[in-house]
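Across the two complexes that follow, chain A remains constant while its partner is chain B and subsequently chain C.
Our next item is the complex of A and B:
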């Protein structure tokens, strides 16, 4: 017999909501039409709480907790839109824009970029920290795809989709801190990768123009992410 | 092995080697070794052999004697004379003087307050026993606590004893050890792990290294007792690879303990089994953070993950895991031997016991010290440390490494305990203590620690990865005289943001050195920005 699933009731932004005990604040908020911004999070991939955009305030907890990995609890009072949170979220975006060379006007996904969208949604009007202007390479050695490190925000969606869904684990991260960089295999050119199956999942889940397909007009470089929950569901069904 | 057998082993060890007339104990911990103590040891042995005194005189390598600034150190028994700064050339004179008048110019006054003001629990065997001989440890009541626990106490009684002692985690945050143990004990499942965090990475800190090099069995005994209390049968010692001597001595110690049935299967003839393995950290500061440490042991990239779930519930490979620091484990055996109430009688109301500090920087006596909690900073720096050399003036003391802060003169009479340090914007940390005088520029100090955090950030979360790099950039601008007051405002804003939004302790505490120097030495920042001058004369201003 299946274990009964417990249901918790809680408040998000003073609204009474309910969620299963295995659901996160983010999931419950989305079910109720409450918007919490995210970048590293993508339905179908393991959440990692890295981008810090989904931080929320919880009454009685001094720390800010990421909604994407924090489970709901009975009687929890969650606040998602305080002035302080909005300020931090804008600063996260500003830091991301300053970190590499994100110049929207010359980017292949201009207009379809999650980072760009998020900046608009969260009201980021300018970047107040100095740009770092790193010199970063573009790897176009793969016959179909390109990785442009200038646009990468290290959300590791590509790493996770390749490992968790495709099962190839071609992608990973090397270096640390501000020198971190996504790599294919042991930092070899993507085109020489022996593990890459050229499935293109990484390209589709990438939120920015860091991973894109060659030979398509910009207007067609839309990313399709709907397949992930479907694939996950099918995999679970088979088990 | 029962307590009775342990006692017999200790006695037979003493009998087998009749007490020589003279025993020279020379420090072979990393500090003195680097000052050439192994060469001195050899010279002494040669000298003794030449004079045919082998039966009368023994040279013995022991753990850290504490006063690293004066190394190599040695202790001559039974004369009770301590020598400092010994070289190979001194060997004949030392051997000649045995039992007679000590060699005047080498004597280190052992009645100086550096030694008398200390209270040793963790370091009680340090400098006394040979860290490579388990018999030496057993002769000092080693492993009796473990034997007693297994024979007479239930796991719950062990946890109660630790709870009663009031011991708090010595890794820095000061979480109550008894509470942590009982949480892991209560966690479900038959498979659990005990991890000893020996990934000491704070600049200027070497407490854990000294304990591991001087008395490795004490840490193993503490781990075994913890494993019994929480119900674990496998332990890992996560040691940074930069501590090869500690690793070597730990390996020896594990092998010795296994041979005597004090580790491994059916310890002391009971049903309790506990195996310990060593894992080497490849030199990432963030791997001292417990979730990153666990990832590293699992063979993954050493990156932290959000907590909760805490390792007590979901740790190594998803199993409940107890993680404690080296010094925490080193306190366990004495607590069991002497009782929790004994331990609780030392220290302050909320911070019990003693704390080991690595005293470094601008003080006369640098080295390893152990003091009761509640001692004042002034006593540590001026009595034990001997004050500031070369007629300089005390300016600040940095505690807690990159996660800590700088404490100015006005708090010198503050007691050293977890709460008091937190109140003035610093932390206990693992126990690094760096003393600074007026020749130190506080902005430069903040920049040094920020530089450390930039290179040690794992890069997973945005605030820590990019925020620390931006903060370093701003501090660099200030120290080179190119900053404006707007830059200072931005720096403060970033401090706040990085502190409250970072994923793990590294990022959350990275702004602390900046915040505390801004709090107490703001005028120095202003001097750099407005007057384009460095009051301490450290920073080079660009014209």
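Our next item is the complex of A and C:
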């Protein structure tokens, strides 16, 4: 038997809104046309709260909470646009840019990159922390795809789509903190992966130029993401 | 109202930002009705003058000479503008940073050369350890991202600055634009 669905009423930016008890602040905000910036979140994949771009303020809670993994509660008062939040979001972005080597002008996704767009949307015109300039490899061993670790922001969308949707679980994360890196299989060259089906889902969900398809001009490197909610929907219907 | 004094400086960049500046075409006339160009690689002046209102800096800080130049320019300028991605982020010049100076010189002057391979030690200024965005070295007041920023972007930014307004650059341009 299906449980009855409970509805919660709350306020987001002083607007009265309502959502199902199993929905997150981010989902309810989106349904109501309220913009909260996100990078690791992608409709159709399990939310993990990794990038911290979606932080919101909740009245009575001293910490900032990530909207993508925080469920709505009765009587909540959520704020998404305060100056404090703008400051922290820009700081998060600046750290993402400083951690790896983002040279937009020579990047394969220049002009259609979610990280680059986000900098513009959030009004970030420069990075105020020192750049780290790490030395990172590019793995072009796969016959169709390339992973360039210089552009990876560790959102793990590739890891989740390959595991949750394709069912191959080729991707994983290795190492800790700032030294973390996405790997294929047991950190073997992607081209030697025995699990990869070459479906290209990871490439299409990657928000940056970290994963891309070989032999395509930049103008055709628009990533296709519409397939995700569709695939999940079809599966749920079949269950 | 007296005319403002503008300068442009070229550090480690490809000159693309300066080309985009020239690309303002007839709007240059509009700009120079309100300002004098007191120093620039586009005009033949040898010395950076004492008092400048607005200086646009193209390029990353990459060599001993860049360091020296940018410090002097900062001292003599009221509003310092990081002009283009190399100045704002390090951009292409910073691609050498993960490898270190020695590896880069080795590659450029020894490994890829067949005739008289040698690393130049005279005339050409010595590279510093890392190519840096300008604001990591001196204080920057305005950032104009873009590689290069479009002529339109430069014009709108300059128009604001000449009218003593701070331009909202994120609306006009982005990294890599």
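Simple rule for what comes next: the second predicted complex is superposed on the first by the 238 of 239 C-alpha atoms of A that agree within 3 Å, B and C clash if a C-alpha of one lies under 4 Å from a C-alpha of the other, contacts with A are read in each partner's own complex, and residues count from 1 in each chain.
Following the convention adopted for this analysis, a contact is a pair of C-beta atoms (placed from the backbone, for glycine too) under 8 Å apart; a residue touches a chain by one contact, two chains touch by 3 or more.
Just so it is clear, the structure is predicted and the values come from calculations on it, not from any experiment.
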Touched partner set for A:110, first chain B, second chain C, both or neither: second
Partner chain(s) touched by A:127 [first = chain B, second = chain C, both, neither]: second
Touched partner set for A:31, first chain B, second chain C, both or neither: neither
First, second, both or neither for A:51, with chain B first and chain C second: first
Which superposed partner A:175 touches (first chain B, second chain C, both, neither): first
Residues of chain A that lie at the interface with chain B and also at the interface with chain C: 128, 130
For the chain C and chain A complex, residues of the former touching the latter: 82, 85, 88-92, 94-95, 97-99, 130, 133, 135-136, 140, 143-145, 147, 168-170, 174-176
Touching residues on chain B, where the partner in the complex is chain A: 284, 286, 301, 305-306, 308, 454-470, 473, 490, 493-494, 497, 500-503
Residue ranges of chain A in contact with chain C within the complex: 97, 101-107, 110-111, 116-117, 119-128, 130-131, 133-136
Sites on chain A touched by chain B in the complex: 48-52, 55, 63-66, 69-70, 87-88, 91-92, 95-96, 98-99, 128-130, 132, 153-154, 172-173, 175-180
